[in-house]
Amino acid sequence: MKLYEYMAKSTFASAGIRIPQGRVASTPEEAEAIARELGRPVAIKSQILAGARGKAGGIKFADTPAEAAARASELLGSEIRDLRVEKVLVEEKLSIDKELYLGITIDKALKRPVVIATAEGGINIEDVPEKSIVRLPVDIVWGLLPYHGWQVARRLGLGGKIGSQLADILQKMYKLFRAYDAELIESNPLVISGENVIAADARLNVDDDSLFRHQDLPRVEEGTPLERRVHELGLAFVQLDGDIAVMANGAGITMATLDVLQYYGGRPANFLDAGGGAAVEPTARAIEVLLSTNPKAMLINIFGGITRCDDVANALVQVQEKMGGFPVPVVIRLVGTNEKEGLQILQEHGLTAYRDMGEAARKVVELAGEGRS
Amino acid sequence: MAIIVDEKTKLVVQGITGNQGNFHTRQMLDYGTRVVAGVTPGRGGAEVHGVPVYDTVQEAVDKHGANASVIFVPAPGVRDAAFEAIGSGIKTLVIVTEHVPVQDAMAIVAYAGERGVTVIGPNTYGICSPGKCKIGIPPNVIFKPGHVGVVARSGTLSYEITAAISNAGFGESTVVGMGGDRVVGLTFIDVLKMFERDAETEAVTLVGEIGGTAEEEAAEFIKGMQKPVVAFLAGRAAPPGKRMGHAGAIIERGRGTFESKVQALEAAGALVAKLPWEVPDLLRKALGGKR
Amino acid sequence: MKLYEYMAKSTFASAGIRIPQGRVASTPEEAEAIARELGRPVAIKSQILAGARGKAGGIKFADTPAEAAARASELLGSEIRDLRVEKVLVEEKLSIDKELYLGITIDKALKRPVVIATAEGGINIEDVPEKSIVRLPVDIVWGLLPYHGWQVARRLGLGGKIGSQLADILQKMYKLFRAYDAELIESNPLVISGENVIAADARLNVDDDSLFRHQDLPRVEEGTPLERRVHELGLAFVQLDGDIAVMANGAGITMATLDVLQYYGGRPANFLDAGGGAAVEPTARAIEVLLSTNPKAMLINIFGGITRCDDVANALVQVQEKMGGFPVPVVIRLVGTNEKEGLQILQEHGLTAYRDMGEAARKVVELAGEGRS
Amino acid sequence: MAIIVDEKTKLVVQGITGNQGNFHTRQMLDYGTRVVAGVTPGRGGAEVHGVPVYDTVQEAVDKHGANASVIFVPAPGVRDAAFEAIGSGIKTLVIVTEHVPVQDAMAIVAYAGERGVTVIGPNTYGICSPGKCKIGIPPNVIFKPGHVGVVARSGTLSYEITAAISNAGFGESTVVGMGGDRVVGLTFIDVLKMFERDAETEAVTLVGEIGGTAEEEAAEFIKGMQKPVVAFLAGRAAPPGKRMGHAGAIIERGRGTFESKVQALEAAGALVAKLPWEVPDLLRKALGGKR
């Protein structure tokens, strides 16, 4: 779960990391009031869950409160990088001597947290040459210790009071990383402004699987309205560009199903992983949602493990009855746990299923009117 | 032989009194796995399918010589359960539970590393050495004793390919599901090393997917292997930057793309199947070629 | 630093460990009021920093508030095990099914915390046979985990809800042990009362060296008034039974000095370790305190390392001048860092020193009129 | 030879800009110790007695090949300083600071154990291999190159006995102050093992005291030693139950008494001196006897 910049900044502040003065605003009037309080030039930053806002015009500046209201009015309600701006963060405009990047994420190969830092901050970290990037893996057991902060500072060429502040900020970021079960915590840019080091931007992505122990955090929703509807069923879902709706059970098999469809010339409309052992109800709801997107055809590809074929069959039958028949061709492939029972249920309701994934895929591509001729 | 688990494996089921634990204990017993004990703190003295239940893993180890454990407890309790298994002298730990917080997974893997414990998962279907021992949740019917080692990141896709290998007449020495999470106990290389040393394994099938660089790293090792490797990779059709259910399956910064993985594996001498059911054909070709 | 029972219990309660209902009282009237509030038979427990209070008559029981006042009146102001009772803890009297002992301390040889438990609680843990004692070393890195609690419970023969409570209490005690830098945390007895496990007694000894990070804790003073005076100078001091005052620098050399005095038939009056590098002022104050105890003679034994001989000489001269000469014979042995300067200072003020520890010890025993004839 | 430190030891001083660090850097340089760098975070670029100061131990290791560190920082900062030294690749760590919280000491010792680092202290005067290297705070004058290994728990008493050994004409191979705290890095047995293997050491002097069971455990090892051991123990006159300054010197539960230690050591074949200055006589006797 990604937090909005203003939320992430409030965790930074609570940990004692210096952030720019300012507040979040939902209306131009609020933005104006905040700019007046600050009494100096401000930055007005769109609160959206995407990077590179600046390039996309999502960050504006204003010298007066009236100007702040005007700029906020331009941003609020607009779409930046396909995302609607509902709030802006109005902050003092910093005088910047140098921009750094400082972040902590998880190194999957090392299986531990890793600090990533560069003295070339403020831009896409992806674009910084590898040799300018400092990487410091952290022992999950012993944690990030004060001297690690100093090591990073020295490798960025920083010493004295600035080095000391950077070391301190890194310590505090690591504490936040652990306390909030973060997948990623970063500040880009982390700004050197005179004698101070200030987190001009802040990002904190919390591990979804850890949310049970973070009841205190706000819940931030991401994705298209359709994606949100399926996520509420507890299923993994991504919208794609094609017109063959797909449901399978397991991320790998779902990806492979898309691959096979594409191989035969079909264009999948979505990725929907019904997961291991989803019950009849959410499976039925997911099928309904897929059908509501008006695909040309639908493919259900189930290799039952924890997932039981009879549950999937019952879900299909439920939807069929509710809708008075499927609006588009539905191709079913059903093997594995309780396969016999599942096929029996389908048969009783006039449905048939394939045993072979390839045949099913070729069939649905054909029914969608696509594929190699 | 086979790797990691075999007929000498004595299993304790953590969370045996839960629905999943109960159901899969029955399945594993039916497969022939030596399930010697179950653990649910506070439920010591009970029985599940004739298997005695204890309050602690230590009792299962002391009284029954348990050397492996499978965890079915809900995600918030996995860290504690895993630490108990590792701290009690268990040598192979299979964590089936999904949605384990990744920072818990890092701690579990670190602790296991200190103690020399093999961790499979979290978010794995488990492991099976056909005819000897199955730990976890895969359907019993897909396995067949044989000489192909299978190692996979994802679950159902791995069933699909394993079933294809079995149906083609090959059979498997051991099938290992490493788990679909970002941080899991084993790497491809760990498992490839074991298969390379295992006398019963003649060829290896690697089932990978986009995201991360695990397949690229595996390719480095495959270069030096004696045994042939056949790979299938999922995610050719995935658009860049979209999360496909597995937290691990995010395409990052141009690394971990489908193309880079295929290229790396083919350069290392592996045969890469375009469709899942091509794997048996390539195995036939590889074994014919190298032997 | 030892905490009083009532203080330790309040930390237990804050960690969620069940303790008996009750409060601390300084007067019989307060004790009566607490007993009335509780509305049931009570235990009245002397708050002193010593074990085995029960045997020494430090714990009494009362069925009525009036009786509670009477018993409290007997205890308050009395001396139990040579310690004056200034407060009593008035608590509900528990119905006891079983008494356990549960504690965590530091195993010096293993260099890690160790859980000690026995089902034979309520008495001196020293008297419990070794085979009835459960010991569980704890990995300082990974800590005491929930299953450790269950392992201890099972080894004490406890299961079900009682086992579960014990496991939970042990977890919480370990958290307190770590949070308060404890040297020892224990409950003796930890009582099984019906379906509940209750810490009928609680002890928490905090590492003196960690007090800088426990500003929130009350400061509890221990020792005789004389010992407290020297401790305030930052020096280690123990009163003994003899009449030769002793000051040396370093715990080992101070102990060895006492040994040598005893070997020659002398009777040391104290152990005073002036430590490494004590400055002139505290050294002078310590000498004054020693002289104020009216010893027959005094021995100063210094092998200068960090401690500088000139500092010690200056301290001696300062006291000599302030008192107008020493009231009893003072034998000085002075070697090591800045020895020449020290001897010079002494000489200028009519004092002499030995180079050899044995000679100095023999001399002071002789001057005290003791020793082998 | 000698043990732990010698002419190849390259020392970094943590807390070099403090009073103690500054003073003892001078003393160690005078003794001939190769003090290659100092560390005080935020003071990088300074110099103390010609020794360059850095912000991090890593720089001292990378630029000067430092392999040992001595810590003079105040007690609240010792844990961090020690972890830095251990994490930066230092192999011998001497912690002079006293009043280090015991739970910090446990953590330091555990981390050092994982990384194979030798820890001397906390609350130690240090270590000296006479004529080669002195790390810590003992007076330079008490040492003399020779063949007696000295290992002690306490400081000044150890100077007293070392000076007696030097003055009697023996000299020392290495003198090790383990530190007076309850939890320290080395045990008597650790050091005895090293002396037993060290070609330069012909006899060992052990300086112990009441409290704990370290001397009794040492006696078990001494039984099997080839080299003679002469011991002195402090605390014969200490009344039971009184704390004598060292947290370790508490007589607990009848174990760790003066008598039990003397008995254990004598039973193991060690000669136990009644007075500190008897140690050289017993060394003469022991070396005459065993050689």
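Going in written order, the chains are labelled A, B, C and D, and every chain counts its residues from 1.
Heads up, the rule we're going with is that a contact is a pair of C-beta atoms (placed from the backbone, for glycine too) under 8 Å apart; a residue touches a chain by one contact, two chains touch by 3 or more.
In this text, all values refer to a predicted model and were calculated from it rather than measured experimentally.
Averaging C-alpha coordinates per chain and comparing to subunit B, the farthest chain turns out to be C.
Chain pair with the larger contact count among B-C and C-D is C-D, by C-beta pairs in contact.
Computed from the mean C-alpha positions, the centre of subunit A lies at a distance of 55 Å from the centre of subunit D. One simple way to say how far apart two chains are is to compare their mean CA positions; for subunit B and subunit D this gives 50 Å. Chain geometry summary: the mean Cα position of subunit C and that of subunit D are 27 Å apart. Shown for subunit A are the residues that touch two or more other chains, namely 141-142. Those residues of subunit D in touch with two or more other chains are numbered 111.
Partner subunit C is touched in their complex by these residues of subunit D: 20, 75-76, 98-107, 109-111, 125, 137-139, 152-160, 163, 180, 182-183, 187, 207, 209-210, 212-214, 217, 232, 234-239, 242-246, 248-249, 253, 274-277.
Every residue of subunit B that touches subunit C in the complex is listed here, in rising order: 41-42, 44-45, 55-59, 80-81, 83-84, 87-88, 111. Every residue of subunit A that touches subunit D in the complex is listed here, in rising order: 142, 145-148, 150-151, 153-154, 159-161, 163-164, 167. Chain contact summary for the complex, subunit A toward subunit B: residues 106, 108-109, 111-113, 126, 139-141, 178, 181, 183, 207-210, 212-213, 236, 238, 240-241, 248-256, 258-263, 268, 271, 273, 276, 303-307, 335-337, 356-358.
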